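The next part holds the structures, each set out as structure tokens.
What follows is subunit A paired twice: with subunit B in the first complex and subunit C in the second.
Coming up: the complex of A and B.
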């Protein structure tokens, strides 16, 4: 389990993190979502033990990461800005990693490099941005980490490579209960992969949710009762959190179960009654309290 | 095995359950056949293994599958499962919706009725031949 408790950090008077709390259970994949500058990378750099918090702590199974080599042995990290020593090839990195990390798995490294079809003897400097990321991923996974921390991992990767990356990650989560924290500004990419999502803004946690519970709680409904308009009982009996009227057609966002909605509306003979799919982005917007520009900007 | 629909109002968890039930009830996966492991299916669908695990637990609770420790998860005898009333009602509504759609297309009541009867008769014949 990874616990981040009351993390605060300011840089030259700018409050980058303000009492940030995150909990990632073992075998869970946590998605950290936020705009550029929201504080995602700062959180990750604290988790990696690279920068020291003003207040608060980052614990990995109860152990503080700061200045703790034993914990860092078990962390796999892909930072947003990759660094490879000058003139090094992936195989040079492999030699370095295998000398430093006790759980290094050479066959896993080769397997992933083969999947990516990367030449381990070519200089990393000649690789494209996406290829460098793939090398970093192969190195991080071959460390056999208990905790994997990924900063915008799929940025710059093509769809096929993305699929391979996610597959390898879910496999390790299933096999050895690896805990994963992955940051992204793209909520859509997180669906299916993450079981928890946290949305950060201005260094604060705005909303944390378990993804499986999100869908099914809010529904988008298109309904019309002709020229009579919406019967008042519908307004009274359903929790309508957003209403948009276009002519005689009403677009409603309702926070009730599908069954309640069907019974309440269906029994009053609507002329038109459709339940429309609601994207994960829309769900978050309404969960965060409506369609304000500020909130939309956080997610879309 | 099956595909997930990220645009669906159903959560991935529900979709895994529904797809599995369909495979079991239609006999694509007969009684006693082995389900893919959580790890295999999560890799296959690129979905969080916890979601698959939860779906399997629910399928087991409802009696569709059982776990034999150390050997895996298998399809149970589903003929003994009592269907849920609420779900029957839902399907009734779908059938009604389908019937109404035929009438919206411009068919008379009798023409629509005939189509439904033909479907049922065909279904009955294929069932008898099994």
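Coming up: the complex of A and C.
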């Protein structure tokens, strides 16, 4: 488990992080969402042991990451700005990392490089931005990390490669209980990937939620009872957090379990009754009290 | 701070990676040393006479090639291996690796150092292999047997000694460059600050002495310090490497380098990696550079202003220049540090005020002599002896007619010490630090060796202006003192290195060489003449303000221009030590020279 407790950091008087708290459970994927300059990269740089906190701590299974070689051995990082030494080829990097990381897996590296169809002997300097990201991903995954930290990982990747990247990550999470933290400025990217979502703004954690709980609790329902309209007991019993009427058809956002919704609405013989999929953005917007909430600006 | 933070551990993988990335550096360095040092020797292997002087200079690190190489190679090495502290993406990559900061630093520093010294090691070994180099068969014909006999050879140990001194030199420069790298945030700033910090001891010493000489009457400029501020300048300013002094000095340089590395390691532990990409990683580094640049700019402007105006306005313009220079230097420094021209804010104003206070304190300590430096003369009871260094231009005054350059003597008798103190007192009363009028008669450095073990040194000028009348009288009295004459003729004119004198009569272009026993007789004759002289300094200035040369004659019987005979003193290498004019009244000398066959004509 990764724990960030009360993390504070200021840069020349600017408070970049203020009492940041994050918990990434083992075997889960945590999505850290925020606009540019919200503090995501600063959190990640603390997590990778690159910069020192003014206050607070970053613990990996209880161990502080700062200047801790043992913990860093178990971290895989893909930073926002990649670095490859001049004139180095992916294989040069492989040689270096294989001598540095105890859990280095050469076959995994080669497997991923093959998946991406990258030439391991070609100079990285000649690669496109997306290809460099793929090399960085292959190198990070071949470290067999217990904790994977990704800063805007799919920027510059095409949809096919994105799919491969997520599949490889999800496989490792499932197989090895790897803990993953992914930062993004776009909530859509996290759709169907993350178990937890944290939204940061101006260096503060605005909200943190487990997606399964949210998804199980909020539902979008399209329903019609003809001329009679929505029975009052539905309105009273189902905790409708948003209602939109179009003729005789009601579009409801209900914060309740699927079973209760089905039982309550189904028993009243509706003319039309459909449960529609909710996007992550919609879940968060409604969870937070509607589209007008300022948080919506952060996640749309 | 945990003690583990400063461990000596290194990572072989990191070092190997550095070697992989930066291998061209040692290769180019070796080629440079090879081309400038070994290649000339190989080409002239059987004609050693052609390159022996150059080779010996090279082995003594006293060539410009080595000065440049020994400065640039370690600076480049430091910039290369500390790239991970100056490029944001490299910094992120390096600091996320599973290494402690100590291990990162140690591995980088050690790999850079190895890449710097390996080419020196190889070159030094090649030098030792050149020990068989010899002069050509016709060398004596072309260069003379004496030259060939004295020219020396390359010994197998020369290369090893060269390795030792060169490695210490580059280690010192490298350590300063590492320190520069740890406090700066970009490769360009690392390079600039590395050059700056390597030069700054020399520059600050020079500038400080410039101010002290200007403001403190009697301040003795300590030129010997220049050779001790950097191993780069030591060989250019001092004896050849390999002397006992050089081993001691270089041992200190090595210790200093290790201390600098240790300080750098400590600073790196505190370095704010989030500032990578900015000019400096520490605020204090930016301020330090700002104040140093402001001081240099202040000095440069102040002295330039005084140089371009007439003397009447010099002191006002000195301060105008100082203020202008300080402001310009400070603003430019802030622009460099903050990497923006928008530096005109409260923070800069605050720094201007702080610098103003520092500069005011500096000027108070120098210009206003708060410490009483100018008036300090040790009590005679506390003085064990006095060393005098005299640069004479006195032929015009007639006190003695010697053109000497830095003659040095030690006086121990109370009478001689009292005379020196009288001269010192007269100079203090003269209080004419900048010698604004008159031509120099002599420059004299008085160094009191105190019984307590300390020393007090003062340097004064005596010139031909009326202001110096009292000082000139006291100066002349010195030349009547028995011990002074004995030392002056014994240690200075006939110093142990003088093996030959050549007496020249310029009137008829006649000359004779005087050696051995004759040389001793000449010394006796000249000392006898010196003892018989009387100096009666007239108050010439009270009668005639427009002083002319002939009025300096102290004794009417002495007319320095009357004889056109000069005696030049030579050492074994035929270098002229000094020249003495024979004066009217030097009867014993004249008689002796005539007995040797020289015509002494007027």
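Note that the second predicted complex is superposed on the first by the 235 of 300 C-alpha atoms of A that agree within 3 Å, B and C clash if a C-alpha of one lies under 4 Å from a C-alpha of the other, contacts with A are read in each partner's own complex, and residues count from 1 in each chain.
Quick note on the criterion: a contact is a pair of C-beta atoms (placed from the backbone, for glycine too) under 8 Å apart; a residue touches a chain by one contact, two chains touch by 3 or more.
Just so it is clear, the structure is predicted and the values come from calculations on it, not from any experiment.
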item	value
Touched partner set for A:73, first subunit B, second subunit C, both or neither	second
Which of subunit B and subunit C A:192 touches, first, second, both or neither	first
Contacts of A:277 with subunit B and subunit C, given as first, second, both or neither	first
Partner chain in contact with A:175 - subunit B first, subunit C second, else both or neither	first
Contact set on subunit A toward subunit C in their complex	9, 11, 45, 48-51, 67-70, 72-73, 75, 77, 79, 81-83, 85-88, 92, 96, 99-101
Parts of subunit B lying in touch with subunit A, wherever the complex brings them together	4, 6-14, 38-39, 42-43, 45-51, 54, 86, 93
Touching residues on subunit C, where the partner in the complex is subunit A	5, 11-14, 16-17, 20-21, 87-93, 95-101, 103, 272-274
Contact footprint of subunit B on subunit A as seen in their complex	27-29, 163, 166-167, 170-171, 173-175, 188, 191-195, 211-216, 219, 258-259, 262, 266, 275-280
